[in-house]
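Next come two complexes built around chain A: one with chain B, the other with chain C.
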Partner chain A sequence: MNIVVAIKHIPSIADDLPVKGNNVDFDSVDFVLNEFDEQSIEQAVLVKEAVGGTVTVVGVDMIGELDAVLHLALAKGADKAVKITGDDPAADSHQQAKWLAEAIKGMSADMVFAGVQASNDLDGQIGPMIAAHLDMPYIGGVSSVEVSDHTATVNKEFAGGIGGKYSVSLPMVVGVQAASKPPRYAPISKVRQVAQTATIEKVSPSGDATSGLAFKKMAPPVVTGHAEMIEGSSKDVAKKIVELLKSKGLA
Partner chain B sequence: MSNDILVITEHMDGKFSDVSFEMVGKAKELASALGGRAVAVVVGGGVSSNVFASDSTIHIDDAALSQFNPEAYGKVIEALVKEKSPRLVMFGWTATGMDLAAWLSAKLGVPCAAYVKNIGADLTMSCQAYGGKMSADVSPEGDMAIAACLAGSFPVEAGQGSTAATSIASPVALDGLKIKFVEAIKPAGGDVDITAQAKLVSIGRGIGSKDNVELAEELAGKLGATVSSSRPVVDAGWLPRTRQVGKSGLKVKPKLYLMLGISGAPEHLEGMKSAELIIAINTDKKAPIFNVAHYGATADLFEVAEAMLELL
Partner chain C sequence: MAPKFEKVKVVEKEHAVVDGVDISGHWNRMFEQRVITEYTPELIEKVADIPGGESFANCYQCAKCIAVCPVDIVGNYGPRKLYRYAQTGMDLTEAPELWLCTTCKNCLRVCPKEVDMIQIMPAVREQAILAGKFVPAELQQAFENTAKSGNPLGQPQRKRDAWIKDAGVEVPIIKDLARPVDVLWYVGSYPSYHPRGIDAASAAARIFSALGIDFAILGKEEKDDADSQRLAGEKGLFEMMTEYNIETFNKYEWKELMVTGPHELNAFKNVYPKYGFERPVVHYTTFLARYLDQLKPLLKHRVEKKITYHDPCYLGRHNGEYEAPRKLLEAIPGVELVEMQRNRENGYCCGGGGGGMWMDSFTAKHTTMRLSEKRAMEAASTGADVLAVACPFEVSRFADAVKSTGNEHVDVLDILELLDKSIRGEQ
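Right after this comes the complex of A and B.
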């Protein structure tokens, strides 16, 4: 089983997002692995462990810091790491999907995994776009994958525990919502060790694609309401919440 | 090329989802501004499709479409869009729409905007990205565009009506599909039903570890509440799936929704924004949840929870 995991390095939403012109100021944000890619890497490694094969992780190096993420994926069980030297922090999903699809074309993938979405997928997610470029079927919102005899059985979530089970003749692209088991944690020591020994293959970006979206404005949302903020120490906050709940007959 | 707007509606178990009506209502408004028609598109059988206020409704009924199948649905919608050349195609940014919108965009080379909260008469789309921390206004180039709309963005009523649908056969052959629907997955039972609880203490990734869930259980116990959570808590295996609130979880409307360490991503809001009293504790003063909660505090959830326990 030849498994490729396409990942996205995205601006971290843990901190404030500075704006420059009509977009995020990519020079002054931290980039992190998309949270759903962590699930996607785990699911790919679980499939490999079940049926054998190779997991190759590939991503676009947006700001020259992808190595850390690729080392992490290798420490979690991926076998090979490839970075597309995009060096364009503003490359949108359409462009990244095109570069990724071109890079994946030569890999004879049986399955391509991608995170179901990323928080900066303003023009849509890379998974379904890679599927369109590679002419493979796509299912997203997937929370378990099993493979036998070149057929994958995947569970797709709708909502509230309702879902659908699908069987797919490979190759296919899977948009992972959650791995069938919580992602493993790679100890820092292992990540460091991998970082010293691993080789990361570099690929030049190939193929142009555009979202066709002109950005007119980017700003924190204009809010119609805001919570009444309870000030003071944690003790004060606790006291005021308890008083509030008591006054409403909720405590 | 026309100025029509195609709305790809969604249904399950014989019922259309709210987002379908929301989009049809918005499409009517846009179509009248553009001089086109709002066309509701129903894919699949087992549903009565004369329920929209659309200018027309097209119902593609084929046994191969009776269950959602992204490959089959994608082929049908691609063929229909090519034939009709609408100005705009609207999908829900939902479990099903998310499989189709970006795929169609790449397939046809047509711009797509996701996380769409609003659409102007000039088709400028306001999108809520970066986990709700940013709002982007984008404007699609070219003659056709795709909008993947967040549920809850437009009023439901404007899309409800009784336009008689026209049934058509699938515009493409649906044999030789690589994806086959096997069976429906039903929710696991046996746990408390969080949709029936008056009070919920809801925990997010800020809770940090499985061991800390106990603190929330203790607080909930003192308040006569039940513990629910955001998705990452469930994905990490700290609580069962039955406790998840949100887009892919359950929709709740309790009297009290006390949130500890939940950021307020759009997918979480879909499940709880109509709770009667929302109180959020979060260390990040810019957490989007503070735009939705009734009361909030920029504070450490552990300190606040411990202090509340002492007072209760």
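Right after this comes the complex of A and C.
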């Protein structure tokens, strides 16, 4: 099994997100691994552990700090790491999908994993676009993957708690919502060991993509309302809550 | 020439002379070597072969440690027992016992063979973690939080200094101050984020301000010391944080580094020198004890309380400070200081050290009660109204423990909060 995981390095939203011009002020934010990609890496490693093979993690180096993320992926069980030297923190999901697809083309992948979405674009398009570029089938919203005899059985989550089970002939692209187990913790001792010995393959970005989104304006949301804190004894508070619910026609 | 005896034969004679020595009447004496061939040394060697684990093999089963081990007092544990378990088949790298030690150091204090659990436990834990063996999930979460957010609570870095706006006094950030200060105050993660920790941090700020101390904090640049994570086996995480912290400390000019927490004291004073950082580090109790003459006139309001003080393991046994906290408490007018049975060098551990802070649920499964509960009961038995502490791990631990043991009448307060009460009066 040749498994490839396409990851995204995105601005952290744990801190304030400063805006500069029509985009995020990329110089003032930390970049982190997309949360769904953590799930995606875990699912890929679980499949490898079940059926054997290799896991290659590939991502676009947006700000020259992707190595740390790739070392973490290697410490968690990935075998190879590749970075596409994009060096453009503003590259959107369309552009990244094209670069990633071009890099993955030569890897003869049986399965490509991608996080189902990321908190920057929120368009959930990386996976489907890579699939389109590579001419592979795509299933997103996946919460577990099993592989046997070159066929993958995946569970896809739908709204309302409904799940669907699909059998897919490989190769395919999977958009991971959640791995079948919580992502493992990679001890920093191990990550640091890996960082000293691992080699990361560098690939130049290739291929252009028309941008899916054109930014007209970006600004922090304007605060229009606020929460009302009800003071007083628990009886008074309960009374006021009942009045409020009645006044809004909810009770 | 040594006497020879036949194997597997107990010699008990009415009248016996061996090498000219009359040993008649010693009916219980056995002249044969104790058969210990059913015990294998492999699992002891497995621990002793790990760098740092060597002294495990020193144990000669005297059991002095068992009398003082805080975990044995609420369970069935202790260095001697671990050695015995290893002899009879327990692989410490895979056993739950690996995660129960709080590195409180009371065993090492009494051990005639210097079996050093403070070295052994982190070393064996690191091997277990690296080999992907069992690690309590709640501990992994604390590791992950520290690696990702810079603190074990998983709180955002940008909120690290959010507490200062409600402190009631100005708390300068060294970056904004842009000048050298006398004291760089390392606040710590729990005083920065935990609601009860913030109470202590705010009290500290008001005390320093009242004393006119020239201090500043690192604000959003401050990150966890990760010493307890190191003792819990994540040395790599500790080193990552250490590199960051040393670089940050060295960015600014200051004369002394003051810490709110004993674990930070241990890290910066005893471990950081190995990483090239050798600067004066002081715990707030030691620091404030120097200012007793200036502090006493400020302590205007009487605090009519019977107070017992809990010695933090990492302030007392690990760093030898027993008197400064007591001097500060005794300086407060109205305070009657009473001692718990286990105090100073023999102080009982709260269970928070060595990563125990993040393994409460796990530890609870292997003990009859939490260590903090045992200690809260001991505090209550003195008749004290207040359990005074000097470690940011302890306020939340003991506040829970007094409740769960039915001792709500005992207030758990940091010494900083008590001093602040005396300066400002009940608020």
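Assorted remarks:
Methods note: the second predicted complex is superposed on the first by the 219 of 251 C-alpha atoms of A that agree within 3 Å, B and C clash if a C-alpha of one lies under 4 Å from a C-alpha of the other, contacts with A are read in each partner's own complex, and residues count from 1 in each chain.
Note that a contact is a pair of C-beta atoms (placed from the backbone, for glycine too) under 8 Å apart; a residue touches a chain by one contact, two chains touch by 3 or more.
Here the structure is a predicted model, which means the values were calculated and not measured.
Looking at the shared chain after the overlay, A:Thr153 reaches chain B, while chain C stays out of its contact range. In the superposition on chain A, A:Pro128 makes contact with chain B only, while chain C stays out of contact range. If you count the residues of chain A touched by chain B and by chain C, you find the higher number for B. In the superposition on chain A, A:Pro220 makes contact with chain B only, while chain C stays out of contact range.
Within the superposed three-chain model, A:Pro187 lies in touch with chain C and out of touch with chain B [touch as defined at top].
By the touch criterion defined above, A:Asp16 reaches both chain B and chain C.
The contact surfaces that chain B and chain C form on chain A in the two complexes overlap at residues 14, 16. Residues 12, 67-71, 95-96, 98-107, 109-115, 124, 127-142, 145, 148, 178-188, 199, 222-223, 231-232, 235-237, 241-242, 247-251, 255-256, 258, 263, 265, 277-281, 284, 286, 288-300, 303-308, 310-312 of chain B are the ones touching chain A in the complex.
Note for the complex: chain A touches chain C at residues 14-16, 32, 185, 187-193. Within the complex formed with chain B, the chain A residues making contact are 11, 13-14, 16-17, 19, 24, 35, 39, 93-94, 97, 116-117, 119-125, 127-129, 131-133, 137-141, 153, 155-169, 172, 175, 177-178, 181-182, 209, 211-223, 225-231, 234-235, 237-239, 241-242, 244-245, 248, 250-251.
Looking at the complex, you find that chain C touches chain A at residues 126, 129-130, 135, 140, 143-144, 147-149, 156-158, 234-237, 239-240.
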